[in-house]
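Shared between the two complexes below is chain A, which has chain B as its partner in the first and chain C in the second.
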Partner chain A sequence: MRLALGWFLLSTLFVSGYALSSETFSESLKITPLPDGRVSTTFSFNTVLEGASPRDPCSLTSQDASQHYILFPLTLGQILREYAVTELHLSLNAGSWNYERWGYPEEKGVGTGAELWAWMGVDESKSVDDRWKGLRNALAGLFCASLGSLDEQRTTSPDRVFFPQGRLPKWSGNVAHQLRHASLPSEHVCTENLTPFLKLLPCKSLSGIASLLNPHRVFDADWHGMGVHVLWLGEAGVQVRLTFQSVMDPLRSSRNFLRNWSLQSLFGHSIERNCPAASSSAIHVTFSSTENPTLTPQPQTRSSTEVRYDVLNVEKPLDIAMQWRDEFKYPSIFKSSLPISVTRNLRGFTQASGKLSLILKNHRSTPQQLIYLETMPWFIQFYLHTLHARIEGHIRDDIISDISYNAAVAHSRPTTFQAVLRLPPNSVTHLTMDLDKAFLRYTEHPPDAQRGWDLPPAVLIPLNFDPNDNNSSHILNESRLGEPIYTSTLLVDVATPDFSMPYNVIIFTCSLVAFIFGSVFNLLTRKFVVLHLDPNRQNN
Partner chain B sequence: MSTSKSVSSNSLSAATSGLLISRVVSALFGLSNALKHDQLLSTPLSSYTHLKEGIFLFKNGIDPYSGGTFRHSPLLLALFSVVLPESQKYASLLWTAFDFAGAWALVSIWRARQNVRKTSRDTVVAASYLLNPYVFLPTLALSSSSLQSSITLLTLKYAAEGQASPSLFFLSVLMHIDLSTLTLLLPILLLLISDPQSHLASPRPLTSNLRRTLPLFGEFVLYTAVLSVASTVIVGGIQWIPQTWGATLTLPDLTPNTGVWWYFFTEMFDHFRPFFLMVFSVHLLIYVVPMCIKFQYDPLYATFLLLGVLGTFKAYPTLSDPGLFFSALSIFPEVHPYLRHPIVTALIHLHAALLMPLFNHLWLNTGTGNANFFYASTLVFACGNGAGLIDAVWAGLRIAIGKDTEGYVVVQE
Partner chain C sequence: MHLNRTWSTEVKNIAGTNAYGVLASPRGPRNEAIVISASWLSRTGEGDGTLNLRGVSTVLALARFLKNYSLWAKDLVFVVSDGYLDGMHAWLNVYHGAQLSSRYWLAGKKSTSDRTSTDLKAEPLELTSGVIWTALSIDYPGHSFSHLGLFFEGLNGRLPNQDLMNCVQRISRGTGGVPVTVYDHLEWQDPATSPSELSFLPSPLRHYPGVQDFAHRAKIIARHIGYQARGRASGVHGLYHKFRIDAITVFAIPATGPHGFHALGRIVESSLRTMNNLLERLHASFFFFIITAPDRFMKIGSYLPSAILISVAMMFRGLQCWVDARWHTDQPRSEKRDYSTWFSTKSRPVVPALAAMLLTHLLGAILFFASRSSWFLGDQKLYAPTFALAILTVPFALSQIPHPRDEITAPFWLVLKAFNLCFASTVISTITILNFSLAALLAVTLGFPLTLSGPSDSKLLSRLKCLFYVFLASAWLFLHQETREAIWNWEILSVWFAPFVCLIYTPLVLQAAIVCVLPCS
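What follows is the complex of A and B.
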């Protein structure tokens, strides 16, 4: 009887609380052999809190409903509720994604280092900036990453590029939403970030697809990155997608130049048992239709370019393997699947100024429009009047339009530069802009100051070209946006003062000031007198 | 004797004009591009590149004061974006014209001080300004500090000629370009109520009624208010104040220059920064009243000494600030015999002027020297400026005692 009462009370608590909504968890892994012999793997763990909606920022002053989740990660959920975050994207990547060889990634956010962006509703009681500060510090604690240094010196709001991926709720009182974006290219991803990441999963790394995430192997990959994406899907609820991508090289350990791989060879594990919480668990393997590798075990569903394994219903342990008959021939030329390719450099030899240079190639035989976003820490100061585009040596500034520019503020705000570029068909465009490197206070330099500063990647988003739209009405909306292309990061050499000198400099300069001041005041205040020098007296 | 004198003055004027022509030519061709990034010749507050950037942003509807590097006065922004075209050739000519205006003003001050219409020394005075490398190198670099020097001289010219309104107007323009020139206000007010002639040899208390400065001060405040309102209207808000005047007080940009502030505040401990910013700003003001009291009989000399203080200690100096001081020394020939160590000062300057560009290049371009090298050379430069200033104060006071006599020395108590 007592037990029944207890259960009844507990269930009423549940009902009255937040978590009336049901939760689903699904996991998937996509494995794709790449043209250069490497293998791309993308883990995706999806938790949907059905029927839930993000917290209205107007309710931040009142007590929030208590949170009970079964599958949804509680620690993340608490952070999202505490700061009333509608949409959140965090990615931590190591290495630079090679678009030329690997094509577009499964998960778009592949900028080197840490990147965090969030859409938040505006409310007077707690400003977006305060909540953003709390959010990044909370995430820094959750993921053991230096996200706390994504401070106002790094935070921008480039809302022409980072559109919401889910939906934004329409709360009463017409709450507007604002974007906050920051990136930290010098952040390194390692096992201390993966451990808290795995803790957010219902089965941790004990079973299911997540058991493949072996830190010894995934951090040995040529490229790896993890991501956390929180979206609101409207009626369907709040979705948390945890992703882990890596690009591994089976040729590295292969003796006979075959790109054979298996889950065991890639991750050092095979899947021993199912994750009981998962409603679906699938492994997709894709390959190009011209090649014909053999796959073991036999997949359940097969198309010409993709096979699918339903992990929940196959025999365990599951160790998928792909075997090639022929040796791998390294292609002499990579046919880029991207409409454009970009190279970004910082030129100039002095520590006081430089020149940013972009080389953009349009591979298509149609004109290509794209949005160009550049965010820089404040100590890189652009000279916009020196921005020039050159095509085959001729200045073509007309291809740059719709510039929006937020200049940096010294010691606080970064630069945001957004523009629309129109690349002619099959062309190579050189974009250059002069810049100044500011001189920092000695306390602002990082501990290894002579190494220089990593600058965040630029983002280029091709706009889907509409041949009917000949007039240049640049209505930038979400639907026209293609997938973003992140450039590589840059390393800038900033002039350093002598770090051992603060006392000496203060003493030297103050002495000089005191000496001149003292001499002048001596002269101004003391009386002049004429002294008679008696040579006889001196001789005595 | 007279023929040899006329020959020498002829050859002098020939040499002068030759040098002037070479100046104009070098201003027109090429040198500007090489010099305009030089940190000795232009600071973030006076650089031509920054000015062009500000004009570009302004013309494209982006507020240049919303952030970034533009720290020129809105008056300059309006002048160069509306009135004057910005082609570099044209700018070179214009900057050279600023210099000629400055030289003309200096000659006018000299004539007013001598109270004659024309003197044989006019050419020397003009040449001391036009051919001073500290003055013409910033001009070649198209630094707005040249314009500032010219406006300073115009202010003094009108003050020396007793024309209060143009003088006070130029002074308030000057203050809009550089806040620290506010220190010149008091001696210029005194100059306006007295005369510019030399009374250094015969000190006497100020005879004019000090109350007469009050309407003049009111006029200055009026001009400043009008110009501030004009600036606010140009920009469409008061955001220009922290970006221009605020910069000279809070030093947000630590780009190296010839002054003593930049490295001091690069190396300053964060919790002492506001205190020392206050100290350095107040330090500039400290000299004003004592100089004006001591030289109340010759306010033009007091102004000259305060220019020396500014050239040594202001927040964002270029070479043209000490250059203005040393060029202006030429209009006080009466004190030259009483300078104690002109050779030493000149040698210190030679030393610093050679080392500063060298060490700047070694530190920032080749990476073989570090910041301390350049800092040390700016310290030497400050010593040279300080030596010049101290010597000028000494000579200005010493002249009242009269010529040296055998067996007697002049000392201070």
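What follows is the complex of A and C.
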């Protein structure tokens, strides 16, 4: 009887929750062989909470409505509601994306390490900064990442580069939205981040496409990264997109220099069963039209450069394989699909000063405008007057415009530097700027002080060419922004004390204290008694 | 990954092409790197033109092999540098964006003859990677080898972290099964042979193991001092140290066997894995050592005091001179113990003494600029004696200046000697930390002569003493090859041995010469 009642209650809860807002889950995988013989794979898991909208920050003081989700990840949903986050992007990447060889990634956020940015509505009762602090600590707990250290020393608000990707709601009282952005390049991404990531999926990694996410294989890739993207799609509802990208090298283990791959060889698994929660589940395989590899099993839909497998309606186990007849020939020249390429370096080898150097190449025969964003921790101090652009050895400072510069505040605020660059056609531009490395307090050094500090990647966004616009001071709008290009991170040596001596002293002192404490404690707590031995007994 | 870029440099009108490739580390942030390099010319005979063919092929073979592993946490940069030192020097400078100082530029502009043209031009690098922490230079000129020799001295007496050497040595013995030696000294391995340097000893003593052992160690230390004191690099690795990169050269000592490519490959691969595991720079204080045997070293505490003690003794002697100059002692005339009548004070001519010192250092500076000039290098046989004579005139000219000879002024030579000794002592103790071998050499060459300087009663003896000091100060002018190399090292590699000798050493000894010819009173 009790059991029946329990079932009844549970089912009503389920039905009523389902009735409140409908949820859809879809998954997809895109596999692309790359020109340098590697294979890029992109997993995308989409959950849409239909009809839902982000929490109005004005309602933060009152009790929130209870949340019932079936497919939508509850732990993430609670965090989003608690801190009234309208839009959230978190990416955790390992490695440096090679734009020259691999082109643009499927998912744009490929900066090395952790990157978190969020749009939040402004409210007096709970400031954006307080909620940002709560948000990053909550996400740190959720994803087992050191996002908690994305403190105000790393938080910036570069709103000329990071525009909202979804829509921002218009609440009553004309609530404005603010951006918070922070990146942590020294974050190492590994299994401990993938496990909580998989827990957010309705089928975990038990079935469907997600069953391919085998940590042994994906963390052996040449590049891998995961992302969490929360957007408001307007009437359609709130979307959570979980993504996982990796670049694998089938040639590394290939004996005969063939770049053949299969799901089994890439991930160590094939797809055994469907995810029952998924409304759609698709695998896309793309290839260039000049090559003609064989694909097994036969795909359901096919175009000249892409095939599609509908995983829900295909025979299981599904193990897609692509095979080439000829040996892979390493291309002598990589034809970049990007309009520009960039190399960023830190010159100089002293611990006091250095020079930031960017080499920008415009591959197109048209002038190219781009936004350049540089965020640096406070101990890297730019000398803005030394910012120079050189083309073929001649100083061309006129190509730099619209500089916006938020100077760093020592021990608290990072530097934000944004500028618009206008690269002449088919040119190589050298951009240099002198910098100072500040002297840190000894408590500010990280535990691995002699390694140096990782500096976050710069972001360059090409602007789409606008024939009507001849004036570079034109207001930047979202529609003109191309896809961002992240540079690699930098490692900087700052003056570091030799921590080994204090370390030894601490160890010695601790051992000494432990020895003394142990002995003294022993003496104090032990009871000393004199034992009288009866001589008569002894004789017996 | 295997994109090799070529670029050229002009050092002393040497144009060269370096080839290099970067193996990007999988999943790595691309901001740390390890360099594996081989120079085109081997270090045999300090770059006498022997080709480092197998060293270069080892680097190429490794590049192909190491690519098959996903364990690299740091980028691997493979460099085949042209020439002996010049190619790698240019590559490293361009990699680090080191500004070629105006000195190069001036030297290049001024010079008319080809020999001193030191205009260094290098194309920018197309491929870049991150911060280099460690580097390994492979030198394998023969067709096989019996031992691996480790070379470690860098420019300006810098040494790499000893942990790197210890790792390579352990790996070589354990993993590779190849015996290791210091430099290319092989006598160590064979107790039967006795070093030729011991031929003056009677036979039983010469074959006594303890004596032989001592001779071997002494030979290693002597070679070490030869490199370090002059600031010379003992191989291509020496160029890295300036950029805070720990680097050594692994030299495969040519022999008919038994080891070859495979053993070297295993050792280098294993060493690279060790370097790859570094989470931080090698930073514990093992930067001060004197290697005495392949597996023995002297720690800083056991060798540093030797030079420091001499410099402290010089300082005390200098202070004693200073005090002596101030106080004049009279014999007590009466039984009364009135100390004020025993001692009378004198005024010390500080300003003239300092002026004399300044003059000698100025002379040193002139000497330095003159010896860098193309006309000096063009005809050293003519100019070296001229310069020496010019130096000789200085003490005698100074001695002719009238000095006050009264009871209340201290003797000029004593004050000058006090300053001279104190300054020399300061220089030696400062140099001990920067370049111990140079400091030790200075302690020997300056310690006794400077302490013993002083005028004699006989004028002839004073002049002879002065002549000796002038010879000590200017003897290097007659070492033609040595001078030329030291100046080349300064112009190209910024080794400060040549300016140090001209600006510090020669003036200090010259001051002692002046002390000798000054009037005695």
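One rule holds in what follows: the second predicted complex is superposed on the first by the 475 of 540 C-alpha atoms of A that agree within 3 Å, B and C clash if a C-alpha of one lies under 4 Å from a C-alpha of the other, contacts with A are read in each partner's own complex, and residues count from 1 in each chain.
What we mean here is this: a residue touches a chain if its C-beta (ideal position, glycine included) is under 8 Å from a C-beta of that chain, and two chains touch if they have at least 3 such contacts.
Note that the structure is predicted; figures quoted are calculated from it, not measured.
Q: Tell me which partner A:498 touches in the superposition: chain B (first), chain C (second), both or neither.
A: A:498: touches chain B and chain C.
Q: What is the contact status of A:451 with respect to chain B (first) and chain C (second): first, second, both, or neither?
A: second
Q: With the two complexes superposed on chain A, say which partner A:420 touches: chain B (first), chain C (second), both, or neither.
A: A:420 sits against neither chain B nor chain C.
Q: Mind telling me which of the two, chain B or chain C, contacts the most residues of chain A?
A: B
Q: For A:242, is the partner it touches chain B (first), chain C (second), both, or none of the two (neither)?
A: In the superposition, A:242 touches no partner, neither chain B nor chain C.
Q: Which partner does A:516 contact after superposing on A: first (chain B), second (chain C), both, neither?
A: first
Q: I'd like to know which partner A:355 touches here: chain B for first, chain C for second, both or neither.
A: second
Q: May I ask you to decide whether A:340 touches chain B, chain C, both, or neither, giving the answer as first, second, both or neither?
A: In the superposition, A:340 touches no partner, neither chain B nor chain C.
Q: Which residues form the common part of the chain A surface touched by chain B and by chain C?
A: 349, 498
Q: In their complex, what parts of chain B are in touch with chain A?
A: Going by the criterion above, the answer is residues 37, 39, 49, 52-53, 55-57, 60, 62, 64, 66-70, 252-256, 260, 262-270, 283, 286-287, 290-291, 294, 312-313, 363-365, 367, 370-372, 375, 379, 382-383, 386, 389-390, 393-394, 397-398, 400-401, 407-413.
Q: Where on chain C is chain A touching in the complex?
A: Residues 1-2, 24-32, 67-68, 70, 96-98, 124, 128, 130-131, 242-244, 279-281, 283-285 of chain C touch chain A in their complex.
Q: Can you check the complex and tell me which residues of chain A touch chain B?
A: For chain A paired with chain B, touching residues are 349-353, 381, 383-385, 403, 405-411, 413, 415, 434, 436, 438-443, 495-498, 501-502, 505-506, 508-509, 512-513, 515-517, 519-535.
Q: Can you list the chain A residues touching chain C in their complex?
A: Interface residues on the chain A side: 36, 94-96, 98, 112-113, 185, 219-224, 249, 252-253, 330, 343, 345, 347-349, 355, 357, 359, 448-452, 454, 488-491, 493, 498, 500.
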